[in-house]
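What follows is a group of structures, each given as structure tokens.
In the two complexes below, chain A is the common chain; its partner is chain B in one and chain C in the other.
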Partner chain A sequence: MSFLSISNVSKIFGGVVAVEDFNLEIEKGEFVSFLGPSGCGKTTTLRMVAGFELPTSGEVVLDGENITYKSPNQRNVGMVFQSYALFPNMTVAQNIGFGLQVRKTPAEEIRKTVDEMLGLIHLEKHAEKYPFQLSGGQQQRVALARALAINPRVLLLDEPLSALDAKIRVELRQEIRRIQQTMGITTIYVTHDQEEALSLSDRIVVMSQGHMEQVGTPSEIYNHPTTEFVASFVGQLNLLPVTEVNVQNGTCKLNGQLVRFDHSEQSEQRQISAKPRLAIRPEEFQFGQAEARNVVLGRVEVVMFLGAVVRLRVRIGEALVSVDLFNERTMILPRVGDDVTVNFPAHACWIM
Partner chain B sequence: MRRNTFWSWFWIFLGTLYFLLPLISTFLFSLRAKKDVLSFLSYERIFTDVNFTRTLGFSLVVAVFTILVSILLVVPTAYWIRLRLPQLRAMIEFMTMLPFVIPAIVLVFGLIRVFSGAPFFLTNTYAGTNALLVAAYAVLTLPYMFRSVDAGLGAIDVRSLTEAAQSLGANWATILFRVIFPNLRVAILSGAFLTLATVIGEFTIASFLVGIKAFGPYLSLTGQNKTYEASSLTIISFLLTWAFMGLIQLFNRGKSDSALAGAH
Partner chain C sequence: MSSNSFSKPVDTKRDAPKARPALSGWRDWLGVAPFFLFVFLFIVLPSFRLLIGSFQDVDGNFTLKNFADLMDPSILGAYWVTIRISLATAFGGGLLGFLMAYAVTVGGLPRWVRSALLTFSGVASNFAGVPLAFAFITTLGRVGMVTVFLKLIGVDLYDKGFSLYSFWGLSLTYMYFQFPLMVLTITPALDGLRREWREAAENLGATPFEYWVKVALPILTPSILGTMILLFGNAFGAYATALSLTGGFINLITILIGSQIKGDVLHNVGLGYALAFGMVVVMGVMMTLYYFLRRRSERWLKQ
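Our next item is the complex of A and B:
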């Protein structure tokens, strides 16, 4: 039995299905992200773990104890909100110590824990400040410390970084991961930012319209998406119409040319649709002729120089394909209208 | 431009005159208690009148109880509506406005009819009557208290704060007294001052329930019988009201100062 288990959980809000048949086993110390577009039920699922929503059906078991109907203040679960939700009438130190004070912890012990937490978030100098005197990033760190001070069994974060600007966001997410790993705390992190989910998580749950699409490590999710939704939601994906698909041999025709694809996962997991398409990520392409790789012809329609990456749109047959090339100092950029030869390996593409 | 400024000042001047002239003439009149000289005699008489201190004291105590009852009634209600029953907010807001619509005389007759017979008999004892008075005032001043508190709740993220406190282990009492009340301090204070000002000067309900014991009826009686004292009482009431207003401003100022500091 895993540390936190969410089994067959569904939530219906007056006829609207917010979460449907959610099943997840989380190990102790694991960092799991819920990733999905707006309205897919991430927050609702998290709130059922926190105790703010009752599941319509199913159960939540934490450390062997069924907590499905336990009230939130009995669960010992830490929560971090997008809006920080610091108590405006209390100083940083009082905010962090609040949970312990509620538990009637001796003052000396509270002081020790608060100091420890302040050190963890590097805000020792701000202990006596009020929330409104801190920046957004600092406030969110205090909120994190406040949630951790009670030594919760699980830490829940609901888009904690979305109210912050890009630079702070990257900084703080590394900090969250560092603190999570030092404390070894089991964590669920809700986000709609795939970069955040990929860079932070041990495992990711991709959700769409209230159900789980796929659960896996970041590289599994990115490299072996099991549904079209996951493939196109996480990272960019090109889908090129193909004909004469032969799954046994792993061949098809793209724009009249024979193309080989990866058919190792094909038979069991995926049905071939009536309109088969070849799926491939933009970064798998290279320019020029190459032996033992698929080679197709195309015409450049858009060139975008982004620094480390050059993003091109290339017309291959009827499909407009995204191609990402790593920049090199000596690279001669193709121009719009150029006819180009594009190659990609068979193992990089599959049929959807 | 210049014409504009001139006319602005002109209207301001006219407005000030409109407000101040009656006040000034009342004040001057209140100084004429002694024949042919200006004196504070009427003020002296009022401050030495036991009825003045007694009725004012009584009304102040009633006001304090009213404020306490009102806070305990309104804060949890407004909080719960914000948190769990937002769809009822419009209705409750309308209900709290009813005292503005229903004349006080109707309210007091209703109270007496219901609470002076079986099974209540509240008006048979002094304590019962006083309790009834407090209850009536709590209803009468509902619009002030509810509006202030509701606005105060609107300024904080009630839901997130509540959930944050809950996840940290707090129960409802802790959330109310450690998180919600402290963040409503200013809102509650301004509601309380408005309640205080209303209760001190209220006439209709007081005269029917407790009569001359309260400050409102005392004011009115003095106004009818003693000309100069009536004027000085008017001035004193004005000063009291202004003092309350000033206090509200002071507390609000304190709050906006700290909010400004947050902007840096």
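Our next item is the complex of A and C:
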């Protein structure tokens, strides 16, 4: 049996379904992200695990114990909030030691744990500071240490980095992963940032409108999305209208040109819509002729140099396609208005 | 030779708009001129007059007798009663107001209850003097509506020792404007308590009681202290309500000042000024105490 089991959980707020039939099994030590746009139910689900919301139906079982109706202070799960939620009237050390203090832990043990936690988050010199004297990143580290100090069975992080600037976000997410792996703590991470979810998680749950769209490893989610929502929400996706789709052979016509696509997963997982479209990621394209690859003609409409990546918009028939190329020093960039030949492998595209 | 790819830092000082000087134009000062004018005319000048007058006898000669007279047992008694009634109504009104504000903010009562309470508080906190005294006399006086009704159902308030014209009767009347003032001033502070603090505390294992004792109340302490001093001052300076209700039966310091300044029997303006100066001293002590308590309780606030 899994360490944390969320079974058939639904939550309805005054007639509005926030979460519907959520099922997830999480193994001990696993890092799982709930990824989705605002209002998709990811935070509500997290709050049901924390005990701040009661499910309308379903149950949450942690380490063999049904905690569905247990109050938050009896669950021993740690939570990190988006807004840090540090107690402003307490120093960093007092904040970290708060959970142990209310558990009536001996003072010496509290001091030892607080020192350990301060070392873990590299804020040893800030123990006596108040939250207002720390930067956003430092405050979030303290919030993380405070949640970990009680040695929780599960760590819950509710968009912990969204209030921070981009550089700090990247640093801190590496820090979170390092600490999570060091402590081997089972973690649920809520985010709407796909890059965060992809870079941190063992598994990702993509959610939309209260439903689980797909559960899988970052690679599965990115490379083998099972729904159009997942495909378009995680990473960029080109959707090109096609005709004469033959699923058995894996062929279709794109702007009158024959194109092959990956049809191995087509029948099992993906449904083809009434207006079939060929799905392909921008980074799968290359310029020029190539054998054993799909080759189509187009015209360059936009060229954006982004440093490591060059992003182009190429018109292929009626569709405007995003093409990402890795920058090379010797690369000669096409110009706007150039007619170009682009190629892409059959295994990198599928029909939706 | 390739050119240096690192450009010189932009001279932001040159490009940035000039900062406004600390003392900007006279127009800005004109906006606050009425405030300073009021402070000067109705606080500074009267205080100055009060200070001078308290050192003068009825003929305008210098004397210390007015201050010596403050040691008279009846005057000391008046100070003590006024302080007691101010403390009682500050704490009583403060507690009642806090609980009511809590109920409509953190407590999760319907939104309309909050609106109703705040509207009532806005009116009631300014309802004092003769109308308030009259309202209480007609409800809780000897033949007041509530008194008579309670008598009909077998509860005789006055037989049981209650009197509207006593210390506690006057305190009850003061509570009518004290607790709404507490509601008005503490509600924004309670609104400022972030839900995440309570959730974080609960998540870390704290009971609701522990959250209030260790987190919420320490955060609210500066606001509570500030409001309590406001309530104390509000009651300490009350005059018309007490005079209308008790007719001087309770020896409050404000009533004493009134009778010294405009009274026919006890007319001694100098003593009246000295009594008022004594009130300033009492408020000064309270403010100093408040200042130190507040500094202690808000050391975690951004300076």
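Keep this in mind: the second predicted complex is superposed on the first by the 352 of 352 C-alpha atoms of A that agree within 3 Å, B and C clash if a C-alpha of one lies under 4 Å from a C-alpha of the other, contacts with A are read in each partner's own complex, and residues count from 1 in each chain.
The rule is simple: a residue touches a chain if its C-beta (ideal position, glycine included) is under 8 Å from a C-beta of that chain, and two chains touch if they have at least 3 such contacts.
Quick caveat: nothing in here was measured; it's all calculated off a predicted structure.
Once chain A is used to superpose the two complexes, chain B occupies space that clashes with chain C. In the overlay built on the shared chain, the residue A:Asn327 is in contact with neither chain B nor chain C.
In the overlay built on the shared chain, the residue A:Arg146 is in contact with chain B and with chain C. Of the two partner chains placed by superposition, chain B and chain C are both touched by A:Pro72.
Of the two partner chains placed around the shared chain by superposition, chain B and chain C are both touched by A:Phe98.
Applying the stated contact rule after C-alpha superposition, one finds that A:Ser83 touches each of chain B and chain C. In the overlay built on the shared chain, the residue A:Ser57 is in contact with neither chain B nor chain C. In the superposed model, A:Ser135 makes contact with neither chain B nor chain C.
In the superposition on chain A, the residues of chain A touched by chain B in one structure and by chain C in the other are 50-52, 71-74, 76-79, 81, 83, 85-89, 98-99, 102-103, 130, 132, 143, 146-147, 150. Residues 50-52, 71-79, 81, 83, 85-89, 98-99, 102-103, 130, 132-133, 143, 146-147, 150 of chain A are the ones that touch chain B when the two sit in their complex.
Against chain C, the residues of chain A that register as touching in their complex are 50-52, 71-74, 76-79, 81, 83, 85-90, 98-99, 101-103, 130-132, 143, 146-147, 150.
If you check the complex, the residues on chain C that touch chain A are 194, 196-197, 199-207, 210, 214-215, 218-219, 299-302. Looking at the complex, you find that chain B touches chain A at residues 156-157, 160-161, 163-171, 174, 178-179, 182-183, 185, 258-259, 261-262.
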